[in-house]
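For reference, the structure I am asking about is given below.
Chain nomenclature is as follows: A, B, C and D, assigned in order of appearance, with residue numbering initiated at 1 for each chain independently.
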């Protein structure tokens, strides 16, 4: 597909041209950087590095109503599907994360809530030319300009964005604003490729994950897990803000006679996550919970779907209050194997 | 969203009959349930060992095994121990009350593969509920199986489920039933002691036999040891696992033991599979 | 200057004692300004211990965070002491835990570390970015010195120290068995509650809007609860399902209820170590809530928690003449 | 709406004094506003501050906690603890922007039927002034 170019000062017009769809872009909401709907008077800036809250919350909201009912009633009113959305400025790691999670939600039985939103979303990515410190996407199969999961890849060329449509959905989006986009020249493409290469070189953290999927279960009784879990607070930061973590809880809520069944993010690091009603807990301490977290990402998920459930975005490293560093853990695991 | 394909949308069902199997703090109640919708009733099919998410709107859902065999009729039966929030609400249901059912989920006991063999079920406490469908299934297809041995124990005689049915079993041809309680009681004619030792007492031969066990984790652990002592091969031993579940369809993530989801890959596992999963008996 | 040799000797001696289970201190993290709690079980591990302006974690949390797993049959429970390093604020958490009998005095060996303030990594990263290599820092003559790859950088306190440290009145540990280093002169005498007063000066609607914006970004990771040395209920009201006090769903109503109950459960107990605010991934100014209650407690009951191990817990005691001008 | 607005007040009354006081007001045929939803508790010491938060979440426009006068508590000191707790939650709620006219505490003894009427009238009048309180409602948000 032909590459296109958009002058930076026309970004606003570009967004306006997509008015049939809801456009989301990284914004500072309160004190947090997250994806939020773009409204007319807001200055859109794509200069944020990774958002604190990953865009998974657009396709897999933290809390989502599944259906409504009335106490004593027998009618179940399913939530209606949502609108078409465009996510602008998604980092390649977050887009890859969605294609990783797609595996799970379309496995065997389709999850209608996730897939409905996922199908109606167009991901316009932005290559990471200045990857933050704790990124390690190349180690887990991605890269600062990875195209997996994206519909369009944008690259910041200084005064303009290079648009590389990757899917029919991406092409359609470009057609909506065809008068703003100009064809890009060969030198633009070459420049972008060079920037991508340079960006990849800037990533310093790395870990070799070869052999982890088969090897991890052999470290079941290893002291590593104790070491990892000892400072762990058992909070949900690393899992809630992980773009590939997808576990959820289902709860019924009542208010007067109105009720809803909803689902919300859950974390394998919480005690109640696996707690049986009898009081028995198959994962009684943080040691087992951390072990499950790492195993799930690098072994179980690989067994089931053939991909690692980690995209190297570095959020869990950046935000962990006690410096539990997944790259560090994996290097220790590698050593122990 | 298409209503027909939403796996989270439960079917409404009505309690037909309800009775207590046992009494006490953690009492067990059995519900006989019929789907409200004729079409659902007709299209429903399940096999022994499968589970459903049953629930009460406004309270929540729990994964409960179906304790009847499809050979018994167009209804479902659940035997539920009172434990948490949802099971408490289920215990309050009386005939005519509504509950929600979705499923059936998980795999089943390979009862078709077992044809021509003798089956030994070893249950403890509420663990008899998922074994009951096997018993009923074998009874209904009696000529297909060589025989059936039922080994079942509970803490006291009052904690035994399905008492009357178990009594009737003795009259069936080729079926033997062995009961036990943990503590000596006046007037108890059967074995006193734990289920694993009753198993040794009964001493079933591994020849052309399948052993299925279900009960508290500690019992399963010793039953498995004893079955090995009796020379049962790993492939001849089956058990079921349980974990906290929310979705039932392999999405919510919490029921995994190692790389297996209990709700999808289980709840029925052969010991040959489980012995390599380190988390299985945690 | 922090004498690390001395610290490591203290740790080695302590861990060699028969009645000590482990020693909790700090070690360098894996990148930039990060620091991690360090559990020393063998004397050799003591060589990783550090004490610097980057050691912000309140280690008193680990006194109550340690899981009490069932002891296997035939084994005796391990009742040995836990040794831990505390800064001034952390030591108040230990005192408050003693007041509430969350721990007993003979369960801990307290290594008191007079502190001249810890660095707020969010502040310093804004100034310097995220350096790749581990940064070391030290206090020197009232200034903070950071060792960066391209040389040392000197900062005055206001530039890099955490807000709580700028107003710190207890830089010296209020309880300790072993004192590590020299006591320092407090640089702040009076708590002025300036931040609280600023919010109190707003109209009701402005306050509501201010807090709604903050609470709306809460993702309920419960990091603030877990990191708090004084949030140690076995069965937290937030995890309770039967009855459900606060729904798990994340929306402004439940988030507000959660934040209110978290703050309220710390009323008269918060020792202002600022850990909740430090760990919050969405930067909710939690200390502004906690401080409001500290102010109210100070004004109404003339009480400050975490100073006197013999004090009675504020909400488990009363005075017949407590203020009641609001009562109809 | 504002002319017709009738505030919804949740009142937590202690069994021994205020509940009996309200009862007395009733048997003495003292007229007082009917905006109250009364929840009887054994002692004001039972009133967890979360009850107040929860009441607001479920649509209360005002909350009243009422118990025995200091020194009269059936359990000797329950109301003293309640007073400390209430004074703190009141400060906190006001701090996050909830109108203090919605949050009240009173001492009403079993013999003070007339005082009960005054208290209720004041509580209702203040909540009415403060207006409807919807921002905190659970299901108004995004069900």
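A few notes on this one:
The working rule: contacts are C-beta pairs under 8 Å (C-beta built on N, C-alpha and C of every residue); 3 or more make two chains touch, one makes a residue touch a chain.
This one's a predicted model, so the numbers in the text were calculated from it and none came from an experiment.
The minimal number of chain-to-chain contact steps leading from chain C to chain D is 1. Between B-C and A-B, more C-beta contact pairs join the chains of A-B. Centre-to-centre separation of chain A and chain D, using mean CA positions: 46 Å. Centre-to-centre, using mean CA coordinates, chain A is 39 Å away from chain B. Chain A and chain C, compared by their mean Cα positions, are separated by 31 Å.
Shared interface positions of chain C, i.e. residues touching 2 or more other chains, are given as 241, 247, 251.
For chain B, residues touching at least two other chains, in rising order: 84-85. Residue positions of chain A touching 2 or more other chains, listed in rising order: 63, 249, 251, 253. Shown are all chain pairs that touch, namely A-B, A-C, A-D, B-C, C-D. Chain contact summary for the complex, chain C toward chain D: residues 196, 199-200, 204-212, 237, 245-247, 251-254, 256-257, 260-261, 263-264, 267-268, 289, 292-293, 296-297, 300-301, 314-316, 318-320, 322-324, 326-328.
By the touch criterion stated above, chain A contacts chain C in their complex at residues 29-32, 34, 52-53, 62-63, 132-134, 204-205, 230-231, 233-237, 240-241, 249, 251, 253, 262, 264-265, 267, 270-272, 284-286, 317, 319, 321-325, 327-328.
Residue ranges on chain A touching chain B, taken from their complex, read 66-67, 69, 71-74, 76, 78-81, 104-105, 107-113, 116, 217, 220-221, 246-252, 254, 259, 261, 263, 266, 268, 273-278, 280, 282-283, 288, 292, 295-296, 299-300, 303-304.
Those residues of chain A lying in contact with chain D across their complex are 63, 65, 68, 253, 255-256, 258, 260. Of all the residues in chain D, the ones that touch chain C in their complex are 49-50, 53-54, 57, 70-71, 77, 80-81, 83-85, 87-99, 104-107, 119, 122-123, 135-138, 140-142.
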